[in-house]
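Structures given as structure tokens follow.
You will see two complexes here that share chain A, one where it goes with chain B and one where it goes with chain C.
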Partner chain A sequence: MRSEPVEMTVLRDQPRLFESRRVLTLILMGALAWSLLNVGWRDGVLHAGGLAALRDMGGALLTPDLSGEVLAKLAGSVWRTLAYAFAGLSLALVIGFPLGLIASGVLRADSGRRDPMRWFARLLLAGLRSVHELVWAWLFVAAVGLFPMAAVLALALPYGGILGRVFAELFQDVPDGPLRALRSAGASETQVFWHGRLPFVLSDALSYMFYRLECGIRSATVLSFVGLGGLGFHIQVALADLAYSRAWTFILGLIVMIALVEAWSSALRKRVTS
Partner chain B sequence: MSTLRPIEGARIGFVHVSIVVGLVILVSSWVFVLGWDRQPSFSFFSTETAGRAWGFIQDLVGVGRTSEPAYAQLSEWSRTARLAYDTLAMSVLAIMIAALGALATFMLGARNVMGGGGLPAGVTFGLVRATWAFARAVPELVWALLAVFVFSPGILPGAIALAIHNYGVLSKLAAEVVEGMDTRPVEALRSAGAGRRKALIYGVLPQVLPRFMTYLLYRWEVVIRTTIVVGFVAAGGLGMEFRLAMSNFHYTTVSLVLMWYLVLVLGVDTASAGLRRLAR
Partner chain C sequence: MAVVLDRVSRRYGATVAVDNVSLAVPKGQSVVLVGPSGAGKTTLLRLMAGAVKPDAGGVSLHGHDLAGLSPGRELADLVGIVAQQYDLVANLSVLQNVLAGRLGSWGLWRSLISLVAPREKPLAMQALTRVGIAERAYRRASQLSGGEQQRVAIARVLVQDPEVVLADEPVASLDPARAEDVLGLLTGVARESGKTLVASMHAVELAAKHFDRLVGVRDGRVQFDATPDEVTAEMLDSLYELEGLRA
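Now for the complex of A and B:
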């Protein structure tokens, strides 16, 4: 007898929930149909000789170019890509940590959403991450020349924007209990940050940094398309020569590098969090 | 200390080595970037660089040009509006193809679904996981370079390239949701007599789909930012226009394209936030 009212409310709740999901499904189906209409079907989907190119590419994947000359280039460009990623990410940390701290507003007890410093930091972070790293790289190279620093800055600016936003969210999401205990013991907001918030977010922040390192290696690869001589540059040159086997050597090198970083990070995370 | 806690000691060993290796790579990266790597004839930290950067900013704004900057002309805005429309279509097509691919395969790569299914299930699991890792590890731009050899120019090769990379990302995220989900509904269905397939459909999908929608919408925000990059090589949308303008030194048109991107990114972020509310 008692369960009846409960069932009633469940029944009353369900149609509304169902309705909003159904609306979402309809929107998604409509979006798919609309985007399909915008493909130029009439001109033909495949390139003349597109299938032959696909077959050549597939065959070349099984026979990557492993000559000494190519492998030496691969080793050099793997190191260059890794170096750009590490330097870029460390600079991104220098940009993102203080900006994220300001944007989170945790250092001042009275900081509201309308705090101008906070608002400005949020806007700056959003602006940094809305421009893609390859676009930053091209703009820097066009402005000042082919400096390795152009690649590092191009990586550091959007990644600083992303890291800042994530750090801000992590700092805000620390549970209130331990922080209140610190405050009631007389700690200032700065002390609460160093002894309460920072230790709490450290493991999450570390694992996110590793994920970003993986992304950073991919981004550093892409960056070198503007002429900065990393993996991406060699992939581009190989494909311009229609040398699919050589292109796959560099692509497979990238995949192995990312797999190694992933393995390292998961091994490290397991030991830090458990 | 280490004799008291031998296991702890072993763990710290690996962490210590990792920290040292990380620091060595970090320091040598900076030495390489600032010194060893090829550099132009002048230093990066010089007035020469500052002057060039300032000149470039003036070019982007259009200072000292006789003609009106592109971003101040209505005709230029209406010409590029068509490209912005194409770019939006490319992003939607890409995320939809990626989502369909992920929906079709995410169960096959979830450890808790495929575990205990014997050798065939194990092999399928390994193959599916390897495909995702491959799709994910190769950046969108490289997929686009390959796609232009196969598909005729337009929004399709760019959309396919974005779709392949995001298929890998979305599938992995969906599989992780399945691996971390509440298994009690599935057990309840099984004990009520539902078959394996039915238990998965009615026990797993209702839990996973809302999270999947959230990820899909987040990835859409990433995809719209990346369309500019695949557009460079895939001959479609605003990316193509950006490349042409950079090559022809039409820097005020570059500014115009970047303004369009600001509009698109803000629009997609807003739309995605609204749709996420529907998914909850």
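Now for the complex of A and C:
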């Protein structure tokens, strides 16, 4: 193929003082300064005993409550939080993978952006992820009551929407060379997907899923504030009791749990990529 | 005739990539298109692969007009491609990459099962043995060197078993010693299995050593068509000389 004779007259953007973006930045900074000046700093914006409370909390970090009773509660709630996250993410995968696959439009060589199936899948994914898991949780708790399934569904729907969108982009973004080679060997677009696109994105998809699992654990913790049990519930109760040492036990438990998942995911990723 | 181009033209926008080219390649011959970059070699190969439709003229392989063939099994039985580097699926094993040559003959289920429990493994191992890297079968394709990757691509086309093999700059990204090896392997494999081979290259001396016939291409036209013995220094000079320096 010969290269087109391209005549390049590139007009480099000169830095301009009154570029609209800069003007906007200035206006926003002005607005921020003005709003700060208008805060009545003396009229109870800052909690008077806040500093003392902060000191208490910090001190308690060094002396987490490690009594048998609290540790047993910790183990139970860690287990429950993990179960929510895993179940939610598994269901999210079941939702996100097929929808992402349809939304990417890679299964049909002639699929345009206006393909109705594709358009519908994208709309569905956008709808699922535009509502936060906490809002889904309220909805499900209102609908079916305080059942574990409410937490699982609340996680699965928005996460399915996010996974589907990320998968769709990954599936589209595969270098053309290997795919062309598969097609020239007579492979259909479906075969090209399973033998070319999927192996190519597998490690990226896996690492993104693990990142989402981490997010899921944190989300499941927060979800339990709604009353669904788990780590967050115990943190909430401990804080209400001003039992900072006990609260730290659960927060440290959360951190350790996330660190363990992180270690597991990097070990697994190493196995897939090397 | 294995490959027939009949007064074929193809343009991209205002540029004429291939200009009224006629070429006939008998079955079993190995032909190399030589010429400077942008001469139209790749477009000619893509026309023969059915990947690009001609604006004028016709292309046929073994008597089948390519205009009437859609991509898929029929086309894959006629023509296979060994491209420049980087056309293997890097994350799959060498074995899986070779077996991909069978995808056109397999149904979807068979190909899915094969991802877990490889089908027709003996066929793939035979091909890998032929190209000399059977011991690498379970490595990931990305762990192989450039020369080894080209061997895998050759094994894949062996397993695909088309009538005509097209190779676009098959050794462009290899060092001279590897290039010599891989080119010898490619032409040798084609010769012993009676396949027709059409390649493109710009290293003329290397090409002359391995192919039956050299076709010089410049500005989208055939400038000479000769056996390696008949090619003279003058022919090559006029093929490669720069536009501005032409007397």
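Simple rule for what comes next: the second predicted complex is superposed on the first by the 229 of 274 C-alpha atoms of A that agree within 3 Å, B and C clash if a C-alpha of one lies under 4 Å from a C-alpha of the other, contacts with A are read in each partner's own complex, and residues count from 1 in each chain.
Note that in this section a residue touches a chain if its C-beta (ideal position, glycine included) is under 8 Å from a C-beta of that chain, and two chains touch if they have at least 3 such contacts.
Note that the structure is predicted; figures quoted are calculated from it, not measured.
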item: Partner chain in contact with A:H132 - chain B first, chain C second, else both or neither; value: first
item: Which of chain B and chain C A:A53 touches, first, second, both or neither; value: first
item: Touching partner for A:R218 - first (chain B), second (chain C), both, neither; value: first
item: Partner chain in contact with A:L36 - chain B first, chain C second, else both or neither; value: first
item: Touched partner set for A:P175, first chain B, second chain C, both or neither; value: second
item: First, second, both or neither for A:A83, with chain B first and chain C second; value: first
item: Partner with the higher number of touched chain A residues, chain C or chain B; value: B
item: First, second, both or neither for A:T190, with chain B first and chain C second; value: second
item: Common ground on chain A, meaning residues reached by chain C in one complex and by chain B in the other; value: 272
item: Chain A contact footprint on chain C (complex, rising order); value: 12-15, 17, 38-40, 42-43, 49, 51, 71-73, 75-77, 79-81, 83, 86-92, 96, 100-106, 108, 111-112, 115, 153, 156-157, 160, 220
item: Residue numbers on chain A that touch chain B, as the complex places them; value: 20-21, 23-24, 27-28, 31-32, 34-36, 38-40, 43-47, 50-51, 53-54, 57, 79-80, 82-87, 90, 130-132, 134-135, 138-139, 142-149, 151-152, 218-219, 221-222, 225, 229, 232, 235-236, 239, 251, 254-255, 258-259, 264, 267-268, 271-272
item: Chain C contact footprint on chain A (complex, rising order); value: 1-5, 175, 177-178, 180-188, 190-191, 194-196, 199-200, 202-203, 272-273
item: Residues of chain B defined as touching chain A within the complex; value: 11, 14-15, 18, 25-26, 28-30, 32-34, 37-40, 44, 49, 52-53, 55-57, 85-86, 89-90, 92-93, 96, 133-134, 137-142, 145-146, 148-152, 154-156, 159, 213, 225-226, 228-229, 232, 242, 246, 258, 261-262, 265, 275, 278-279
